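Consider the two complexes below, in which chain A is the common component and chain B and chain C are the respective partners.
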Partner chain A sequence: MARTLGLGGDRRRNSLPWLLLAPTVLFVGAMTILPLGYSVVTSFQEFPLGQAPAFVGLQNYRNLINDANFLSSLETTLVFTIAATGLEFVLGLGLALLLKQEFPFQGIIRSSLIIPMAIAPVVVGIIWRLLYNADVGLFSFAAQALTGRSVSVLSSATMALPALILVDVWEWTPFMFLLLLAGIQSLPQEPFEAARVDGASAWNIFLHLTMPMLRPVIVVALLIRALDAFTVFDQVFVLTQGGPGTATEVATLMVYKTAFRFSQFGYAASMAVALLVLVMFFSAAITRAFRASV
Partner chain B sequence: MIRRQFLRNSLGTVAAAAGIHTLSSCGGSKSSGGRGQITFGSYADPALDTLKDVLLPEFEKATGIRTEWVEADFSGWLQKALNDGQTKAGAFDIYVMDDLWVPRFAGAGYLANLDELGFQIDQDFVPSALDLGYWPPKNGLRQPGIDARAKSTLYSLPLISDVQLLFYRHDIYSSGSPTTWDDVLRMARQKCDPSHRQYGWVSRGVKGNPIMNSFFVMLHDFGGGIFGENWKVVFNSPQAVEALEFYLSLLAYAPPGVAEFDSDQEGETLLQGNAFAATMWTGWCRQTDDPARSRVVNKISFDVPPKKVKQVAKLGLFMAGIASSAPNRAGALEFLKWFSSSATQLRFARAGGTPFKMSALKDDEARKGSRWLDATLKALTIGVPSPRTSDWSKVEDILGTELNRALLEKGKAKQHLDAAAAEATAFLKNAGYPVG
Partner chain C sequence: MPRLTSTTRRRLWLGVRVILIVLALIITLLPVYWMVNTSLKTQVEVFTSPPTLWPENPTLSNYINLFVRRHLGAYLLNSVVIVGSAVALSLIIGSLAAYSLARFGKARLQEKVNFWVLAPRMIPPVALVVPMFLILQQLGLINKKLGLILVYTAFNLPFVALMMRSFFQEIPVDLEEAAMVDGASRLRSIREIVLPLASPGLVATSIFSLIVTFNEFFFALILTSTPAAATLPVGTAALIGKTQTLYGEMAAAGVVAAVPLVIFALLVQRHLVRGLTMGAVK
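Presenting the complex of A and B:
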């Protein structure tokens, strides 16, 4: 009798965590896995006008790998992601190292540095659209003063993408700075003191102590920013609409246009799934590269 | 254009974008009081103000049906409307649409059949405006998959007459409206003075739909077109190449950065007195005489676009259709009947709206308050719509991208039109069009 009761008690104890977890699991499943599964199913369909959706097998994916515009948008996205994340990391790290010490007005300076991050991306896009405006923009004004000619930054096939990268760097370097600053301030001080006693130079301390010890934070910061940059949309939509030509047509904009302007929902879903796979590959590669270098 | 005005417009865009987020929480809730409620879903546009501010309160008073107006920016609303149509969520009773959405919405079954609901048309409708509401189209090519013998059915009605007019400065064109495109180019050459920010022409240059809206009229005026027999792409014909070369030569007298101009910058350039002429939508007319918006009050006149070998105006009407999942279909139908009656159209025109009934467009009192109604009626009669296919947006994007490239390179018209034609043909062939 006692043994039976004990077993019942064990069962209750064993099932309690599952019961407590169930609402969360169901919620996460409903909010993420279901839509994702629906997207995958949609990617194997087409939606002919006025007819029920039809399964087309791998046709959308076959079209995708032969779609020069999609491949070009992926290339643009990669260039944007690597350039923006790289610059944000270098600048964010530099700022974190510079501002880690105590100094007067540090609270005000640190707070003002994070203002760009607090502005909605659409508003950021509009602010920079004004700055880049060929007629009244600051850049054009400076170019006029220096060279006597105005400059149309967003109409230039060579300048438009760097201009978008600059906007992203302006907005998101503070994020990188905050993460890295928190990481630097949490490092134990003993190894640094020992290195200084042993006469190590500042450069050597940075290279052989700060960087290796900061590596987990760097991985997280790079991953978050790279994933975010890979899915950039708002700024591109507001500033260039993918133009001039296809110079700034990033993959997310192409997915949006394909779904909501061209009503090719199945094809857009296949693009979205391909992007998801690429993002997963991308993040795994970054994580693995950093693990390998430890 | 001055910074303040640019910023004001930009903030307007932000407000509209922010409106998208509120959309999902709106609509759908129906009051049980009176005769119920109808919910309109729409894009934000000043041309709708008279309808919202004057006519809807009248409708509520006359019928006891309450109205709710939910709006977002153009792209945001299209996205919401497509979602609502596809999922049959029933969040809206009436979709406000750009006329080029009609093939997509009617073809996909998102709109209720107005013929079946018993809507009766009359002879007072401007024919070109009414025709836009039919699917399959009453005239011209039919999209693959649509039975060639299928009867054209009324799925939506005009809501606001919007058509491209020539806006020109009559203090500069002192001898009257330019009748040919050569007149426009001549004046641009004579009077363009960039050092004083005076430009002979302004246009939209952003890739895709914006630049296509600006080039469309010129393409047709020069004898070109989009599709020939059996959907053959013809926008790289010699006439089309000539039209693009002319367009580029005219843009030499446009403000710097015109390749990144969309509707707001085009309009502001004209309203701030920095350009002599442009082809713009009727929706901008009232703002030219508003001292709070315009520095050229009573200096701008309106006419049909100039001609070359032909003379056309681009139709871009606001349409209204009843959602097939509308919770209050009867109320929505009652609104369409009420609003499209000649009596209401007359009140709408006299209150400052742009009607779609002949009698209202010809009304003297209405014309006194809206001096563009005469040009609007003329433009409607020579109006050409976007091709009636649900795939037009894709073709427009392809052509509009190459036009934007030609604008940046200031030339290579034939090369860019050929590239667009090749890409569009491949797309159409893949989509099942008999392009050969």
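Presenting the complex of A and C:
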């Protein structure tokens, strides 16, 4: 923690720190805390487009827990989040271990590997549409050459979700790789040298030294990725719009459709609030679980 | 299997590493290459089977069509105006807060303020989208650039404040104190000592905000719709519906939206980790 600046007279009467903070706090408050409150209020209302909202108490939430579509979208989202985050972690860690030592062309390789995450998710959607597409896709061509059948990955009820997970893994494994690499490279060297002198195997060093020391970075990386994956929207919107049927209808997409296609703002708000509570619950749980298991 | 000597084992491991790294590079770059490749093909060549690995008659007609017939220029301009304004606003406002957090905070109070600056960033966008739409509708700011500028500024602020704080903290307090002991006002010491030293941080932070804001789709989709205000990602997504099987144009739009951002990201590589974790990992 940095030392604070001591000059400037009596600090209790010095209002400069607050003056500097005020615009940010006010702006962020007005644009996030206020709408959040509005969201909660709206979630207790029936609010069709163009009509006055009517207070309906807990009705929206009661409908929500009995809404098979909402529950199935939650399940889809959860499968997506766990599969994508898990795969990205394993692959990212593998890449980080592969590239942690000096290597010819290391800079260029590293730069190339992080390209996917700089590309807008919408464009990532386009890239994979070009690959998955049944008439022109490179993927489909390869699959057809191998199996002799024409496959349309995105319109298959069983393959669409794994296909979307693969897209997410492609885009965000670089993120895990980059974070874990930075984490590994910033670890102190002494414990590793001592372990090597003691004749510990590479596997044991990894399991009992690298992993525990890397824990804070792992928690941050998993948390950020899981939160983003849980509210995935862009690629799903571009690639499948939730289809076929509701096979890839993730939660955010369902909120979007409920509010902006079916104009049920009250019901959409209650979904959004439920998602917010879930997100907060899960991030608290993840953080605690990792802190506890030291 | 005979016991391998340590040199053979090392060579074997090196070989495995090289193969795995090359594989990772191919998987990462091939999809991107395929988009560029498709964008340079004629409509006929796009549909040839087997697909051609590079365009036989490379053409820019897809790009030209996008700008002449599909308003891509307008979307691009909207993005530049909206992203530029939002990044500039959040950088000015957020740096003030960052300086305050870095220099004046007493440890406990600072943790609290940290939380309140950071907490909004943890709120998933979906929780805000319905009320944001309703509020901006009442203000008449739907499908207006100003609406999106305000939203993006608010989203960028917590990020800018935390990221700039971590850069300000790296500038030794002693330098500032020395200047002030020598009679410089705080404003002057900020202008002549802190800002120049923090300028790499300012550049990195603004490029980061720029990447995130430029690529944002969810709010842009809901708050803007026509070439009067819609951003490049929204315009690109709309194109998918309109062009149907014009895969060449779709690919070209993707290239236009991706290239500048990839260049920016490579420029801030050194600060990428810090940016991605909002200063949590350096």
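Following the convention adopted for this analysis, the second predicted complex is superposed on the first by the 270 of 294 C-alpha atoms of A that agree within 3 Å, B and C clash if a C-alpha of one lies under 4 Å from a C-alpha of the other, contacts with A are read in each partner's own complex, and residues count from 1 in each chain.
Heads up, the rule we're going with is that a residue touches a chain if its C-beta (ideal position, glycine included) is under 8 Å from a C-beta of that chain, and two chains touch if they have at least 3 such contacts.
Quantities reported herein were computed from a predicted structural model and do not represent experimental measurements.
Contacts of A:L154 after superposition on the shared chain: chain B is touched, whereas chain C is not. When the two structures are aligned on the shared chain, A:L21 is found in touch with chain C, with no touch to chain B. In the superposed model, A:M176 lies in contact with neither chain B nor chain C. Once chain A of one complex is fitted onto chain A of the other, the partner contacts of A:V232 are absent, as it touches neither chain B nor chain C. Look at A:T240: by the touch rule set out above, it reaches chain B but stays clear of chain C. Of the two partner chains, chain B and chain C are each touched by A:F260.
Applying the stated contact rule after C-alpha superposition, one finds that A:A272 touches chain C and leaves chain B untouched.
After overlaying the two complexes on the shared chain, residue contacts for A:L164 are found with neither chain B nor chain C.
Judged by the touch definition given at the top, the superposed model places A:I115 against chain C, while chain B stays out of reach. Taking chain A as the reference chain, the count of touched residues is higher for C when chain B and chain C are set side by side.
Annotation: chain A residues 120, 122-123, 126, 129-130, 133, 135-136, 238, 260, 265 touch chain B in one complex and chain C in the other. Interface residues of chain C, counted against chain A in their complex, comprise 17, 20-21, 24-25, 27-29, 31-32, 34-35, 38, 46-47, 49-51, 93-94, 96-97, 99-107, 113, 116-117, 120, 122-135, 150-151, 153-155, 157-158, 161, 169, 173, 176-177, 180-181, 186, 211, 214-215, 217-218, 221-222, 232-233, 236-237, 240, 245, 247, 250-251, 253-254, 257-258, 261-262, 264-266, 269, 272-273, 276-277, 280-282.
Of all the residues in chain B, the ones that touch chain A in their complex are 1-3, 6-7, 10-11, 13-14, 17, 75, 78-79, 82, 86, 103-104, 107-109, 143, 145-146, 197, 205-208, 255-260, 390-391, 393-394, 397, 401, 404-405, 408, 430.
Per the touch definition, chain A reaches chain B in the complex via residues 47-51, 63, 120, 122-123, 126, 129-130, 133-136, 140, 150, 152, 154-157, 238, 240-246, 257, 260-265. On the chain A side of its complex with chain C, the touching residues are 1-8, 11, 14, 16-18, 20-21, 23-25, 27-28, 30-33, 35-36, 38-39, 42, 94-95, 98-99, 103, 109-123, 125-131, 133, 135-136, 138, 141, 145, 170, 174-175, 178-179, 182-183, 186, 216-217, 220-221, 224, 227, 230-231, 233-234, 237-238, 251-252, 255-256, 259-260, 265, 268-269, 272-273, 275-276, 279-280, 283.
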